[in-house]
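Right after this note come the structures.
One chain, subunit A, appears in both complexes that follow, with subunit B as partner in the first and subunit C in the second.
For the complex of A and B:
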């Protein structure tokens, strides 16, 4: 009896896995996004594998050379290899975006969930605080915080995280509000579950889908604004390779050496597109309403 | 018989807020002075139209909704006075079965986890003992013990309601409150679940409060029935007494609406005029006077109290 039940259970599980795999494979653009993300993650983790040149090494003989077999993306005004700089630049961009996203979402989700779940006065206090942050234009708020703390990689992370906090707080709060009135949450309370248990076991698992999607998408935003702050010279100091900084350095020379701007710009665009496509694919996959 | 639960003058008003300052504009008188008691091993039916406050009564007993006024005694202890933390621990003894089996089970938990969670909360069983108990409960409600690793979505409505019942049993409660436990199910499944509830009552020494808008559903298992109208109990009696000699005009009308599976059966159906008045602005005196066919002057002015008739039948009507 029992073994019979187990074999049917096993085949059932295998079937479920097959269906899931098929649904994943159907997300063509999402897979492309995942591929792009994977590419940048590898370059960030092992930049030495891809580039033959030191991104900081200046070479007076090869200043502002166009792309060639020797220098794939050309060289900049100091004769540095742009390909190597783009590869190494992915490090700092992904590093900053990653910690921005992590910090902003941990803070935002905690606030949003607490506000949404408890409601009333606590909700009001938290959400009005978020409204204050919302009332500043996003990039200005980030610049304002850097103006107070001073430039630097760590301060860029903090400023972007604070500026993103209200967005993820709102997303999390909205998701909690939708779930908190459901009967299974009431059932958990009726069983005697504490608030912490209700949040951890009944609310959080049911709001992961929208939050995971949002977190992926927010990577794209973070990358873009990180590049913006770098461009303004508020992040890493030269000569550290950074996409935003490279775009800044190309300002005067882009007319006769367009490769100095095109490739870092392309890198930013591809990374952002990667996270966006991946986020879209995830949403289609996780949203039960999109199931066929 | 020992009295297990006693509800005295229970009231729950919901404030209606509006305007910019969220000032209280009025109240919904959802439960307005309800008194009843439940003995050990007994089944009490709570019937009435939708919106008459049945579900609010159920939730107030568990203090999922705090009562506005009144007392609730469980095992002679006043549970309206204890802290929320003590109340949570006390919910071990009082469990709820929900109406909609599709909404009341956490879709992200396996059946075993759903049933096991109340055991964890109240430390009823752990480890292998817990797994055995889950299997035993699944068997008791007519499911297979090896189904505990499945998700609720893999079950039908009737099966899901059985899971909900198993969850209610998990913490070894003394009282189970069924909030329309079968009204979301097909008629054929309704009978199965009612029979199951009856079997479980004997097996686990349970006392029930069964809430329904449909008299035919609960008549079989209820020892006593309380009829509610607009937040008040208008009549209580054993089912056969209620059926043979209803005292309150509302009960009379309710009973005449019961469908009888016989096409030749010809019974005078009492059609009440109008709709149920809004609980925001309930009628003065007897709440039922706006629709009553025997209305007198006194009904508008004075609120009738529950009066003892005979054989434990109580009625709130001036004319009896």
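For the complex of A and C:
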């Protein structure tokens, strides 16, 4: 009997170790994601620290040069340094993604929480509106909005935020529904707390975990769609360096000057991977179900 | 303005000197399908209204014209077998062939020619070709195969306008039953067999084509491909037999083996146009200042990867060309002069303006970027507004919605009148807000004179005046070639268009 008990303990301990190991591994990738994000945040905040060249400066003498010690990522057909353009390009990409995520989530969370909390008619109206937005493919809805408002950085933010609204509203509503029936919420209501107080004090703190994870992940999505719209020429106007726009500009020459496309493409990929890994790590950390 | 649609990708088609493709004494072979890569579809099925290159490319296979061009840009007989011009240059008598049939079986007669020209002149038709023929006073048809045009004033480029691939002759009945909106019934070498929007148009041989023995091909397929790398790949794989090559496309084609390339001189321009009808560009000194700051060679090297030349208002090869155009005002980069002119114009600190261009054609936005970077050096800030084609045309056809724009366009004729008049005469069909009595007078004179050397002088003077007033800054004129598989023979490349009726495949 005793030996049997020891075996179960051993397996449990081994299992625990395994789980712990797995969690650490997951944390590691999350850590890597955090590092990538930090890297891009730094380049966006202090682009001048990293690049020696003006990203807008055209240089007749160095046109379409392959990567070298002088131009790390090579130059484009105007003789502009691609490294500097990628560095400066992080600015506009992160700027647009940040405001898209903020706007979409503020709007979405407010609507989702109100709908979920009050339920009934109000919930119906809000969620049916979200369903209408949902019925359009995401990127087409964004393009449709830009077609109405006209291209531009600000309009890209608005269009992506609107297209994104229903996603965050659904997440927030779902989270509220799960928490709403808890006894502590019932207790707060019974003790006469106002709706505002119940939401602010008892509901919000308990739904932050899924929302924080979701917001982080939505960064990756925003970055990707932002690059897509820029690629279509609907965002920043040339000559502002932007990753998506750089990819667009390289279309005609990528076959014989691949570096003009590889590096901006790599930047988009790394930034998206960064946010995804970070989001994954965060979820593992915050999700109570994963703790076992 | 409207017709600027006919663009650049296609400019190529337009202008060409010939290539005597089948120099070898080989006998042409009948049969086969030739696949021709095109960059745009037709925007309209009505040849008199159509104003895009894609339309000309398709419709001029199906319809034919009174005259046509040969490989050296001379006007030669087509539907008309001969013509006579009176001493005073006022009466043109055309003798038509008596064996020309429309695809619906009806015989073409002089009444058709009269009807067609009248339809083009009629403002209700809204034809961009109206100004080519509006000097016609009356059209008479003494018999079934004779047409006599009487002009109000002598008009030197008149004959060439009949050879313009766009002056297509249509049968009256398809206008009357309105089927012209959907189908094409011409007298040309090919007829439409199948149209798949966004993909291809398949044409089949017209067995009753009036040029005996032609066409050699059974079918001609116009395949739509727009991406440079896709075009290159389809030429490599022989999915496409024939394509135009220009601008950055040379990077792909220069290295390609087993492809025959034929360079062709092109009459086409890419211009930075100013809206001279309103501030700030109603100021000629300001326009000239900008002209002095623009480095045309830099644009050509960066955007066209070197495959273009700096152009003058009247380019080389066109009647009226003068070799000393490099000395014209604004044709040298001179930043000091530009700054001085800016000051004189009342903008010592520079200015900011919106430069509109379209994303439809690959070189436009990059060219605008070089212009922007050039102008920055004299403190002028150009804000580039890249627009989708429809929105762009809408904006630049209204003087209130643009101040400066960049695009390119081809000329369908080898005569300088055809485009100088339309752009810069105050009554021109696509006037860009520019009006100058001296230019008007010179361009009117150029139309009336028939003597070659005096016309040369007139267009030279017009060119000097236009450079000084700078209503537009000419940038590049692209190198254009046709690339074809080695087994393609007999395509007639003329300045305004290509003819496939003599084309044949040696395989």
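List of remarks:
Everything below uses one rule, namely that the second predicted complex is superposed on the first by the 265 of 292 C-alpha atoms of A that agree within 3 Å, B and C clash if a C-alpha of one lies under 4 Å from a C-alpha of the other, contacts with A are read in each partner's own complex, and residues count from 1 in each chain.
Note that in this section a contact is a pair of C-beta atoms (placed from the backbone, for glycine too) under 8 Å apart; a residue touches a chain by one contact, two chains touch by 3 or more.
No experiment lies behind these values; they were computed from the predicted model shown.
Superposition of the two structures on subunit A leaves subunit B and subunit C fitting side by side, clash-free.
With both structures placed on the common chain, the touch criterion links A:31 to neither subunit B nor subunit C. Of the two partner chains placed by the overlay, only subunit B lies in contact with A:202; subunit C stays clear of it.
Of the two partner chains placed around the shared chain by superposition, neither subunit B nor subunit C is touched by A:41.
Of the two partner chains, neither subunit B nor subunit C is touched by A:110. Once chain A of one complex is fitted onto chain A of the other, the partner contacts of A:189 are limited to subunit B, with no touch recorded for subunit C.
Contact with neither subunit B nor subunit C is seen for A:144 once the two complexes are overlaid on the shared chain.
Residue contacts after overlaying the shared chain place A:252 against subunit C, while subunit B stays out of touching range. In the superposed model, A:129 makes contact with neither subunit B nor subunit C. Of all Cα pairs spanning subunit B and subunit C in the superposition, the closest are 44 Å apart. The part of subunit A that touches subunit B in the complex is made up of residues 2, 5-6, 9, 182-184, 186-194, 197, 201-202, 205-206. For subunit C in complex with subunit A, the residues that touch the partner chain are 227-229, 232, 248, 251-252, 298, 301-303, 305, 359, 362, 365-366, 368-370, 372-373, 383-386.
Within the complex formed with subunit A, the residues of subunit B that make contact are 62, 64, 88-92, 95-96, 98, 100, 103-109, 117-118, 121-122, 144, 146-147, 149-150, 164, 167, 170-171. Subunit A makes touch with subunit C in their complex at residues 56-58, 60, 63-64, 77-79, 151, 233, 237-239, 249, 251-256.
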